[in-house]
Amino acid sequence: MTDSRYPKSFASDNHAGTHPAVLDAISAANVGDAPAYGDDRWTSDFAGRIRAEFGAAATGLAVLNGTGANMLGLGAMLTRRYDAVVCADTAHIATHETGATERVLGVKLVTVPTADGKLSPDDVTARLGGRGNISEVQPRVLSISQVTELGTCYSPDEIAALARTAHDNDMLLHMDGARLANAAAFLGCSLRDLTTDAGVDVLSFGATKNGALAGEAVVMLRPELAEPGRFLRRQTLQLASKMRFVSAQLTALLTDGLWRRNAAHANAMARRLADGIDDLPDLRIRWPVESNAVFASLPAPAISELQDRYLFHVWDPAAGVVRWMTAFDTSAEDVDRFVADIRGMLKD
Amino acid sequence: MTDSRYPKSFASDNHAGTHPAVLDAISAANVGDAPAYGDDRWTSDFAGRIRAEFGAAATGLAVLNGTGANMLGLGAMLTRRYDAVVCADTAHIATHETGATERVLGVKLVTVPTADGKLSPDDVTARLGGRGNISEVQPRVLSISQVTELGTCYSPDEIAALARTAHDNDMLLHMDGARLANAAAFLGCSLRDLTTDAGVDVLSFGATKNGALAGEAVVMLRPELAEPGRFLRRQTLQLASKMRFVSAQLTALLTDGLWRRNAAHANAMARRLADGIDDLPDLRIRWPVESNAVFASLPAPAISELQDRYLFHVWDPAAGVVRWMTAFDTSAEDVDRFVADIRGMLKD
Amino acid sequence: MTDSRYPKSFASDNHAGTHPAVLDAISAANVGDAPAYGDDRWTSDFAGRIRAEFGAAATGLAVLNGTGANMLGLGAMLTRRYDAVVCADTAHIATHETGATERVLGVKLVTVPTADGKLSPDDVTARLGGRGNISEVQPRVLSISQVTELGTCYSPDEIAALARTAHDNDMLLHMDGARLANAAAFLGCSLRDLTTDAGVDVLSFGATKNGALAGEAVVMLRPELAEPGRFLRRQTLQLASKMRFVSAQLTALLTDGLWRRNAAHANAMARRLADGIDDLPDLRIRWPVESNAVFASLPAPAISELQDRYLFHVWDPAAGVVRWMTAFDTSAEDVDRFVADIRGMLKD
Amino acid sequence: MTDSRYPKSFASDNHAGTHPAVLDAISAANVGDAPAYGDDRWTSDFAGRIRAEFGAAATGLAVLNGTGANMLGLGAMLTRRYDAVVCADTAHIATHETGATERVLGVKLVTVPTADGKLSPDDVTARLGGRGNISEVQPRVLSISQVTELGTCYSPDEIAALARTAHDNDMLLHMDGARLANAAAFLGCSLRDLTTDAGVDVLSFGATKNGALAGEAVVMLRPELAEPGRFLRRQTLQLASKMRFVSAQLTALLTDGLWRRNAAHANAMARRLADGIDDLPDLRIRWPVESNAVFASLPAPAISELQDRYLFHVWDPAAGVVRWMTAFDTSAEDVDRFVADIRGMLKD
């Protein structure tokens, strides 16, 4: 294997490596034998950190990846065979999980078009016309993404309003928080403000994009879901045998606010990128930059030329929209060089 | 968190930590950005190692855990909705995966009682009486465990005979090789001897129990299963975004025969344990020690007393059978002390 | 039980009773013992009628209801676990089968908004952007409804164009023909013109709405789907033990063109209804009347008053759209009285 | 179609035709329009008959076939994704439903070998060793067949003991009563004695084998299962649109004890058959004749010769066991001729 590095990527925060403190925590856990499947002290420690962040009633279940976290969490809430999930049509569970919700859970997603990836209470109630009709699935869970797939954030009040709507309609609120850390950093609030205190019932709490090697947490904010969650972690293929090494990663990020520093830095780099280009006449920022993503439309030849030098995704080929993401390890120099290249290209 | 270590465990090879070379490989892969989801050079390298071990037509898919590996591999083979799997009634997929085969794949397991965890060609053909009967599921896959859940091994000839039986009956051969390395070390043959050359179609190749942190491989030995496997890896929740860190672990074990040294050592420790106790009149070794497990029956009070000092599982409470396992990091001193304690106890 | 009859219904063609010839055929089949599960001469006769209508390669499988027919047919085509179905967002499989596609088959529906319930080739190709992307489901079946849920019909050429688009893109064409008879009667063509000769691969052929008591047929137009279909009929809970009584119903409708006479009559009654009201200024026919359904918008008070006297469904409460359906046994007098009532009401 | 009849069948009670009273009831329901999907007076009448037989808290749901009845009933009870069903290894759900439990419900069957098709409380408690173990499915339903697949019956006391065992262990009791009528007739007790009063929670109540054309009932004996049952009837493909014709059949059998007369006659014919042959030295009745089935072992050449003249199934080819069944329309002459032929054959 050669030593040559890949060029700087603006494709995804999962192109980043592992934060050194996470690697250190893994090494520190590598001390002889320990019970498997979570009966170890690193996992106890992780569970305590989850309670510290989300409240004494919260149960943290360490899992292996984000799709797994979503399936476990949704699966625990969806107990009637005709339950359905309402979500934005841009939701990761609807678009990029290879049909796991339908295949692994057997559940229909009722998808809602949105302007910016965010759902409103009216979006939800408008999908409840079939309540009680035996020919129609029955919405049981409202799933929102925080940060959304378009880089936007729900405020605590917006989440609370959705939770009320859900609970008033015999539904539960699920949050796909693959980038919850970024939202908390952007909004300047605690994890708890955006979840427990806003009425969220089940959370997928992302860690990999925040600096972990491979690990996420499902946080059950309703105590009765803890036990089903433990069984489902095994069944949905999310149970690590040497779980201490997953728990240790999560604990590292939850210690001394590392998760917030990582997220705040990534957000700042996206802000720096957006600020560096938003005056360009041929480029348009498409959604408010509220996390570590910048969505921009620009001419196709410029996109193509940029892709020769940088890794990033074209989000909507027809509309010429690209997605640029930053991560905990993106440097100001990385961003400035990228800005300079974009500006140089669009000047031509 | 205290620094105190857990006592030596004979409960499972997944109570062991991570081999240092594996941790080093993870650290070495932590060099800036890299493409996600497997489009990286560590994953290419891993794929090459798989071809080197299993032949040029083999496709290696890195996954997150053993149950995931089994579901992905079986799922790729089971395309008709009435396909079934024939396996031993002790098979891990039948007993310890919380019904994932039935729930995640929707597939019935046709389980066969065995004397020692091993199936014979006759065991298979005896389950084919319903061929073509539309009221019965149709066996499509024969799944065997190598090493079996009882610590025994199939010889290459035995595997080849099962493969012939399967193929002659419109079936494919799946191997749950969570401990394939231990079998190869015990039998003194190559991984290929036990798989590709014996007619195996799909393999779950275990790494975690062999010294990895968290990672396994599905090896598709039929080229047409490679593409379905890639889709299923995502759908069965086994796709790591920062896959380089999984691939690097697997490559470390596949480099310079580390997998074999780890397995051979674990096997030797089990042998040493068995040799140290098999003369005891109150203790009986239940199945041939052909890997890193020793199954023994002994009086209930002795079991209970031993469990105060060591971690291990009671396999069959009614029959007084326990399972003792060794790992790549079990030392001769660990074993000798354990032997001495057992001997001391059974002398009373 | 009282003898009083229900008022005339314009709610659905399944509010009609059973055609007398169908009841006669059931009685005629009630002659002592006969083999179960389809090994009887009534079922052979039915299979022959299907071949006569759809071609020598067609296999007819008698089933119990329409949702069952759809699940059996789709299930036989969808063999890869990441296969998806493209359909109109008004499709019965998407809206009124209580999530059976997702739950029973584990399959995602990719739904497409339409103006009139009909899909175009461009609607299909626009959903193929994720071909080969392992994070996305892969469209494998295009499912169209003939007659559509909005009462409109595809021409043979339109179906052929969709079939070409499907086949050119590694997809199969499924037709939910719950009212195929009505389409054939409206278009003045044979069943074969609209299916076999247009490139349809699997058909749900409706009989209950055409005058049967309870029975539909799945018609496999690809020979390799016949055997999977037989197994799936049992597994999808569609196998009648005393199948002769289902087959006899289907044969009765397929004899001497009874299906066409029933459908043509129902269509004529819908035409008569539409012709009787389409000059009313406060009423608007919403979609072309191409079968036995009339969709109309009219003022809410008129809807409400009409519902006191007649059974029918409000299709879209917000838009004030109702659906009126006729059946094989709707009489001209029934229609004329209904027309007079509507006219009287809207005059006020 | 020729008019020639099939020879008398002893293969299954579903080789019989439809009882004339059932056909009459269907014809009587064919009076113009009626609401679909069960909102009709024939269905109300049926629901009342179910309450009369099973108690005021019982909800009857008319369905289309026996496998459908089982899947609907089990599906309503199995709400946790890791719930399992304990049943005899001869249970119809385990052997002859093409894996519907696993595929349609996603549920593992924990099968128990038995001497005579009947489970005991100890059989159940012996399968509860994995309670609380997250790697194992959790038994939630005990499913018994009454009459069993081997023609034997549970007494009311035996059922009550199983219900207590189930309820004491957080399980529910399901009864596959495809031939419940035959059991009630044999035991001389009411339907209620064997179900509601014995602690059964959900019942599949067979009608087709008792003289219906095509129809069964799921009887929910726990009120909270009624609503889920209604949704699941649609989703499990068991909802007839013209439901009056299914309800009318069931009502006919539930009127004036027709179900009991039909069952008692079939039982008497099996008794007559057994009495006519049980002195034959080369023939052995294998299980007590407690319903309308006679299982006998006899020499292979005699089986083969008999099959030239009569339809019946070889139950166990290796053991030379055949199953002979009688039905509501089997005549004493049919039986006597059959007995004479058997005796003639075994004399040679």
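Each chain carries a letter (A, B, C and D) given by its place in the written order, and its residues are counted from 1.
To be clear about the criterion, contacts are C-beta pairs under 8 Å (C-beta built on N, C-alpha and C of every residue); 3 or more make two chains touch, one makes a residue touch a chain.
What you see is a predicted model, and the numbers here were worked out from it, not measured in a lab.
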- Just grab the chain with the largest centre-to-centre distance to subunit D, centres being mean Cα coordinates. A
- Query: C-D versus B-C: which has more C-beta pairs touching?
  - Reply: C-D
- Expressed in whole Å, how far the mean CA point of subunit B lies from that of subunit C is 50
- Note on the structure: Taking each chain's mean CA coordinate, subunit A and subunit C are separated, in whole Å, by 42
- Task: Please compute the C-alpha centroid of subunit C, do the same for subunit D, then give the distance between them in whole Å.
- Result: 33
- Scan subunit B for residues touching two or more other chains and write them down. 81-82, 97-99, 103-104, 106, 134-135, 231-232, 234-235, 239
- In the complex with subunit B, residue positions of subunit D that touch it: 81-82, 84, 95-99, 101-104, 106-109, 129, 134-137, 317
- Message: Considering only the defined contacts, which subunit B positions touch subunit A in the complex?
- Response: 1-2, 5-9, 11-12, 14-18, 20, 23, 26-27, 29-36, 40-42, 45, 64-68, 71, 97-100, 103-104, 208-209, 213-214, 231-232, 234-242, 245-246, 311, 329
- Item | Partner subunit B, residues of subunit C touching it in the complex | 37, 75, 79-82, 106, 134-135, 138, 228, 230-235, 239
